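Below you'll find a set of structures to go through.
Below are two complexes that have chain A in common, paired first with chain B and then with chain C.
The block that comes next holds the complex of A and B.
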């Protein structure tokens, strides 16, 4: 890893800063233009989350040296990430559904502005109230 | 003279023992933060009110903190570069600059917490804020741990010109903490 030069690190840092600025400007632009619905999603998803993935890759590949590390390290990390996705999609099916075979979630979305609806801490209790 | 036997690398992987251990730490952290982020995403999809709550977080402070962490990642990789050249002065200098930026991050985080708590948004306000304080608090704890370990390496090892490999090891950890923030930032501060 001695071949990594300071110049390359500087270039990666500048690229990260540019990507960071774009990731903030995208959603701000959506607010300024008053974008809603699909067009807003189309702007925010790639600028905020797409760029986050690119930035994470750049840090992992170049700063953590995963690109030049022995293959076992990327395998360890990718296996962990893969298991995370199994967990995510495994529970997502049940959590996102409002009802299923012999059960339902009698849940109402709380209304109110940020920080002013103290009653919504009962959410979990209501959601867990499955009827068999 | 008898030698103390220390396993410096694992023959199966060819990766030095310390660095391999850090990769395992990072793998375990993927489950800790990955689980939190997965739970957040599911709740965010499920409850429209979470987007309204996220609107109350400060994009400015979140953005400034992102800048501190990105820059600190750059500094720690430069410290690693100088550690490979066995340049103790420069290595320590960049390790302490990284610690300083970690301190800036924590300082801004405390200011942000103070503002939010004084505006009535506490750990117990609702599920969004419970998640917010859990995720950012756990992340902040990792930043704090990284700063302490880095200070020990700078003053205990590099000052005495030994254990140079530890700079890379703490660097890997620090970069991972940076990556976690790279994902927390859009989730909590940008997507509103």
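The block that comes next holds the complex of A and C.
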């Protein structure tokens, strides 16, 4: 039994290594081929982020034993994950907002280029506004 | 589901019980009952401190500037510190330890029919961390600058910088104490969930679990899932206080509203974390003393789960006037009004349980019934406060204060008394005196209402919270308003005095109370199968098997009006 599970752990470790190599190669390849726009996203998203999710699942399921736990344990984990998103989206609209509905900010945002001449300072401010 | 997960390894050293010293038996015990008592007595001791704080600052409000008996003159800084620590103690060091930790520890193994928690040493560690947190909090009152005075919600920038709150040591110590307390309850909560899921008696299916156990488990899950942001926020705030970071400092790029989100994302589910065990205790007591089956067991269970899920979507109703996005205010008003539905389902189910029952008005039953009435007032006023428009006027007034005392007092105080009067025979093998119990009940309930009904009126009249002396505000200094403050304060003193009969009754009954047999209330659940008080290992005659649900009262096929879960009947044992 013990030898068996050790073998399984080793297999998963090797699988994680291979997935890691793919996740590094994907974005590198996109750079080498000089991909831009949609095709670049189509390559990078599944190789970097998609594989990261697969790896996280493998670690949680096997190394953290969620696969052998009773079903409520993974449910609690998934619920916590979902609540993290609830929290993030509930908070995002309020936090670090540079403008609001019924309030205005009487001071100017520091731009980080305050030591330079006035024109570029002004440009910077406009750019930041566009961004919002 | 049938296996009994015992903690044999951890218990090997307990097999020679006669050799145990006082220290190993009562202080470093891994027995769930002893740990439950440790939590209970620590909680009661902290409740005395919290009650004393309330007495001191209420006296200051009623008779501003005069010396308070047993305290002396109340300075503004002392007033802030007293108010802050009254709230903190009553929620984190009274409601949580007594309702969840003490009752959970005592009841879970007994009610599901096993010998102990599945992780007894984690359980012991949980209490030790909790005790440490209480010591840190109490120590914070005696450091230079005094205890933290920035309200139990600890909003920055007041809480973040010593130059504002003037408590350079008190504020970080308060924060560390709260965080330690949370660690203690995470350990306890994991233990509760794992025990109930793995160590139930043979034959006990999901729907045979007593409702109070379900509620403690769901409360533990809510706590686990909500507490992460607060711990993260507490570390950030501690860094702001001590290391000079600026997470919550708007003048240096931080955002103080972020703390409010982190706090209330935990803070609102926390209300239900303490509510649910109290609701469960009340359900047990009402079924036993109405001799009726719990009405709509599954409906209550599903409503509880729905309540738990919804409780994660309402937190920003505490922040309607903190400058949150108005679109979010619509959303959070809606969810807040929605959450009254599952609570209403539960209250209606409880009332339906009473309908047609043969009700016995024992002290425990009286407390359980008063829970329904008082909590209803707290719940209904919550609907007004949950509407963002009304909240703009009522926010931060005594109306809010009276509202949440009408929820927390039933939960923390009435729920605790219900449990103690009901399970005292099981805990200590003797009954408490009923006459003194009833005197305690009426004195407590009447004076409680006399405290907080005037505060509703004062709040609606515009009296703001966290003000040291209302005589400095011409609009709030009128004689009529001051009369109500004096009335509330006198009622508080009366209520505190009425706790003396309880304490005396408790101590005297420990030694001289009427001896109780195994099942003095003729109830069905498994804890009444064990001897009173249960020995180490709980069930010396072998672990009980379960044949039916926990509330089979007045069954038509049976002469006795109760049918214990473990008694084999005409049905075959379920597997």
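Just so it is clear, the second predicted complex is superposed on the first by the 83 of 132 C-alpha atoms of A that agree within 3 Å, B and C clash if a C-alpha of one lies under 4 Å from a C-alpha of the other, contacts with A are read in each partner's own complex, and residues count from 1 in each chain.
In the analysis below, contacts are C-beta pairs under 8 Å (C-beta built on N, C-alpha and C of every residue); 3 or more make two chains touch, one makes a residue touch a chain.
Remember, it's a predicted structure, so these values are computed and weren't measured experimentally.
Of the two partner chains placed around the shared chain by superposition, chain B is the only one that A:59 touches, whereas chain C remains out of contact.
Of the two partner chains placed by the overlay, only chain C lies in contact with A:93; chain B stays clear of it. After overlaying the two complexes on the shared chain, residue contacts for A:80 are found with chain B and with chain C alike. More residues of chain A are in touch with B than with the other of chain B and chain C. When the shared chain is aligned, chain B and chain C each come close enough to touch A:72. Counting contacts by the rule stated earlier, residues 70, 72, 76, 79-80, 83-84, 87, 91, 95-96 of chain A appear in both its interface with chain B and its interface with chain C. The part of chain B that touches chain A in the complex is made up of residues 12-15, 20, 23-24, 26-28, 30-31, 34-35, 38, 41-42, 45-49, 52-53, 55-56, 59, 63, 66-67, 70-71, 73-74, 76-78, 81, 84, 116, 119-121, 124-127, 129-130, 168, 171-172, 175-176, 178-179, 182-183, 185-186, 190-192.
Chain contact summary for the complex, chain A toward chain C: residues 70, 72, 76, 79-80, 83-84, 86-87, 90-91, 93-97, 100-103.
Of all the residues in chain A, the ones that touch chain B in their complex are 1-2, 4-6, 9-10, 12-13, 16-17, 20, 23-24, 27-28, 31, 44, 48-49, 52, 55-56, 59-60, 62-65, 69-70, 72-73, 76-77, 79-81, 83-84, 87-88, 91-92, 95-96, 109-118, 120-121, 123-124. Chain C meets chain A in the complex at residues 193, 197-198, 221, 224-226, 228-229, 255, 257-258, 261, 265, 312-313, 315-316, 323-328.
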